[in-house]
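Per-chain numbering from 1; labels A, B and C assigned in written order.
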Amino acid sequence: MEVHVAAHHEAPTGFIRKYVFSMDHKVIGIQYLSLAMAAVTVGMILSVLMRLRLAWPTEKWPMLAHIFPEGFAGGPMTPEFYLAMLTMHGTIMVFFVLTTAPLSGFGNYFLPIQVGARDMAFPFMNMMSFWVTFVSFVVMLMALFAVGGAPIAGWTAYTPLSAVGVIGGPGLGTGQTLWIISIAIFCAGSLLTALNFLTTVLNLRARGMSLMRMPLTSWAWFTTAILALLAFPVLLAGGVLLLLDRVGGTSFFIPAGLVISDRHLTNSGGSPLLWQHLFWFFGHPEVYIAILPGMGVTSHILSTFSRKPVFAYKAMVGAIFAIGFISYVVWGHHMFMSGMSPYTSMAFSITTMAVGVPSAIKTFNWLATLWKGQIRFTCAMLFSLGFVSLFVTGGVTGMLLAQPALDIFLHDTYFVVAHFHIIMGVAAIFGIFAGMYYWFPKMFGRLMHEGWGKVHFWFTLVGVYSIFMPMHFLGIEGHPRRYAQLTEFKYLLHLQPLHVFISIAAFVTITAQVIFFFNFFWSLKKGKPAGPNPWESTSLEWSTPSPPPFDNFGPVEPVVHHGPYEYSVPGAAKDYIMQTDPAAEEVRP
Amino acid sequence: MALLLGLFFAAVGTVTVGIFLAKVWWLPELISVHGAAIDRQMVMTLIIAGTVFFLAQITLGYFIWKFRGQGGKASNWHENPKLEFTWTAITLVIFLSLGISGNRIWAQYFQTPVPKDAVMVEITAQQFAWNIRYPGADGVMGRTNPALIDDAAGNYIGLDPKDPAGKDDVITQNLMAIPVNRPIRLMLRSKDVTHSFFVPQLRVKQDAVPGLSIGVSFTATKTGEYEIACAELCGMQHYKMRGRFLVMTQADFEQWLKTRAAM
Amino acid sequence: MTLIVELPARPGRGDSSPSVRTSTSLMGMKLALAGIGMLFTAFTSAYVVRHALDPDWHAIRMPRILVANTLALVISSLSLEVYRRSREERLWLVLAQGMGVLFVAGQVAAWRQLLAHGVYLSNNPHAAFFYVLTAAHGLHILGGLFALGGVTLVAEARRTRWLEVASLYWHFMGALWLYLLYLLFGMN
């Protein structure tokens, strides 16, 4: 593969060119991370509102009623407000936090540097991708505050509920339309990101940086970008058709003979299941888009802070690809109870079990990476160790959900909510935190405060297990999801104390995140100055100053001489060899 | 730090497994024939998953403590094809076996032929109620037409008054009764958005999709009163779309039908 | 296993020759086309499913003008290819651009024909797909026209790269159009 050079541009001057409309991948990465931080704040507030209702459904909240008069009309929070919070919480977290921070945030900043490039392949398009995503977020916020309410159809927007407009319920008018438009814009932004990532890896690696010398973070970003490239267009297509069903009088997803609130609809011939297929064909790769970068970061950080190479690097690369590939043929496991052919369900069940195999391999390899290591308990390492634990917890429940016979009971219960929160919501977030503590010194030239970081870690680790483990029990008792309260069902009443416990755990855990934000902003100004390589790590970003100069490497092109994880090489002077180190001896097995 | 973290993960593994073993929270009582196989598979999968979970958390916790940095040199060991092959093979075998055994039970569930003497019931779900229909003495469900649906007039399912077979249909709302120990054939429909019929004790769940009529079979083994919950987000009263589900003796059931037909 | 693998010397990274930058841009375009292909694959599966499910499917007749439009697009691609290989007679480029504009005008005319006959998005699913697919394709064609215009307008130093990338895109859109024609009207 030939090695090429991106368009070289001069360092920009002026505030706008440097920090607002910047084409520098490092600035763009920070912009995406900032967007994700804003989004996660909104997402957490929404979850607080949800948990408030679940724990105390009949309670009145006068202060909140002041801010959201419609949501509290008549006293307690209305069920439709709950559903609106639920929908927007899921949407904002999945798209604007988990699809931005791990990939477009850290990936934008560090992929070019890790492969030895001066910038992404298409810097102008990179800038566009951020601002397009920003516009998408603004439109989503408009949906949140839309006249008539935010949409209530869930982040999955199943039809016909999402297609029929306000006769289906509040928020399904303007709110739902704005939601679709926001998602469509988001698809465009993601596609631009994916193009850049893939071209940069394929065409812009430095001399000596063969594919099999790339850090696993780069491999993860690369594979994630392939997933994004091929999955987001399908969501876009579905979104266009859904929008037309809503405003164009078409019947892509609406069958004949619907009567809603005694209103007879004139649509005919559409299929609600078609939406589910289109959505989940995107939706399943999407959740791997959310977790793969975190898996890459975990491998990278476990290796660095065990002072050991990643165990079975080649198998790790193979596993990333296998997961990426198989993720495209499992989407039907979201539809076992949908009325889809049960034979199709069997096929999807087998593929879903199959995707567990490379995931298990990665877990074994992480444990083997720790074996006989010399573990340094930095905050980054703590969060990566947490990631491994959470990945196992979330992953094993997949063994149950992959079986249609068990899904008969578990589908659409809190068991599913527990599963996806732990594996996606929490494990991926731990990947983001690990990345943040790890790369903060490189991005900002200062270290985050390790002591406060450890406090943050403990509160968060204990907190997330306290929040989401009990949800498995709610699920096994048959508690359906997306219920604004459980009080209508006798068989659920005895579970209310669990909801109270979960809510309190959630409030404590979310409050503890203030520690992180405080640490982040405080360290920007007051953190201990960091040299180029405070962690004694080997990948290319640690060979540059902190933060790197505009063109990443200064006047001399980087040349790569080593693989990414040469720690504790027998006979070497230090317990790590930088990838760019030219002077290290040849080592034979 | 190392000890604390190691113990924490060990505790996560132990406490969680303990709660499951003690059945502090557990599946609701089982009242169906096919559900026995599901529960067995559930338990077996939980045991396997739980073992994997427990061993992984314990190992993680142990490694964290055992290999905490103490100033020495780390090993460079980073591959072992035999070991890798072994754990890959074991994982593959376990996952494949679970997949196959689980799908066997699934196949049994949907491939069992409907016996001729099955009690026919039909549900037309709507925002936010369950309309349940029995064919009546003639054993035939009357024709329905969505165009005839008129909630205000009480024709929730669009029963065609011109069809004589529908005259004796028994229609209820949010109240379903079935005889115990007899096969039931339930057809699920929806007139507005997607709902899902879920009776936890029966181990039955099936989406009711507008435009489709989906069949589900089961046999209840215990009399009593249970609840139908909606298991697919259908709008703002999704959480209170509740039906009463009564399992009664054959004699009681016939009496119940007669009484309702007269209403 | 050797930990250190020395690779043969490669072209220095200071080399940002035009051919190198062209191949990077071409890679980006190929990836973009993969994404665009997925968009139309999704539309295709929706079309197939919708067609299969509908007992009431009344296919519309193909508006005759589409024949002319297709011809225009094919000629456009051929002309563009001639220009790309010879880089001599500017006329080929102008012909390619002109035929592209004609195509768009013809598509608009086809829409107006259908609307005049009372065939809307809402009253015929086959027509609905016709509108959706031609609109999606048409938007991409407009982007392509912009790119073709760029070939004329950009500085000489960038022209070759621009032309290579725009040609790939334009030919793909032409082939896509033939496919859509087949999907909509050839599959009966």
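Simple rule for what comes next: a contact is a pair of C-beta atoms (placed from the backbone, for glycine too) under 8 Å apart; a residue touches a chain by one contact, two chains touch by 3 or more.
The structure presented is a predicted model; accordingly, all values stated were derived computationally and were not measured.
Q: Quick check: more C-beta contact pairs at A-B or at A-C?
A: Of the two interfaces, A-B and A-C, more C-beta pairs touch across A-B.
Q: Return the chain whose centre of C-alpha atoms lies at maximal distance from the corresponding centre of subunit A.
A: Comparing chain centres, C lies farthest from subunit A.
Q: Go ahead and note the Å separation of the Cα centroids belonging to subunit B and subunit C.
A: Here the centre of subunit C sits 47 Å away from the centre of subunit B.
Q: Could you grab the centroid distance between subunit A and subunit B? Build each centroid from C-alpha atoms only and quote it in angstrom.
A: 29
Q: Whole-Å distance, subunit A centre to subunit C centre, using C-alpha means?
A: Centre-to-centre distance between subunit A and subunit C: 33 Å.
Q: Scan subunit C for residues touching two or more other chains and write them down.
A: If we look for residues of subunit C contacting two or more partner chains, we find 1.
Q: Where in subunit B do residues touch two or more other chains at once?
A: In subunit B, 79 touch at least two other chains.
Q: Of all the residues in subunit A, which ones touch at least 2 other chains?
A: 270-271, 569
Q: Looking at the complex, which residues from subunit A come into contact with subunit B?
A: 78-80, 83, 152-154, 158-161, 164, 168-170, 255-262, 264, 270-273, 306-315, 337-339, 342, 345-346, 349-350, 353-354, 356-357, 360-361, 363-364, 367-377, 382, 385, 388-389, 392-393, 396-397, 399-400, 402-406, 408-409, 411-413, 454, 461-462, 465, 469, 473-474, 476-478, 480, 482-486, 488-491, 495, 498, 565, 567-570, 575
Q: Which residues of subunit C touch subunit A in their complex?
A: Where subunit C meets subunit A, its residues are 1-7, 9-16, 20-21, 23-25, 27-28, 31-32, 34-36, 38-43, 45-46, 49-50, 53-57, 120-123, 125, 128, 132, 136.
Q: Show me the residue ranges of subunit B that touch subunit A in the complex, using the header's touch definition.
A: 1-2, 5, 8-9, 12, 16, 19, 24-28, 37-38, 41-42, 45-46, 48-50, 52-53, 56-57, 59-60, 63-64, 67-80, 83-84, 87-88, 91-92, 95-96, 98-99, 102-103, 105-107, 109-110, 126-127, 146-147, 149-152, 158, 191-194, 196, 198, 200-201, 203-207, 209-212, 214, 226-227, 229-240, 242
Q: State the interface residues of subunit A toward subunit C in the complex, per the touch definition above.
A: Within the complex, subunit A touches subunit C at residues 2-8, 121-122, 125, 191, 194-196, 198-199, 202-204, 206-208, 210, 213, 229-234, 236-238, 240-241, 244, 248-252, 268-271, 274, 277-278, 281, 557, 561-563, 566, 569, 584, 586-589.
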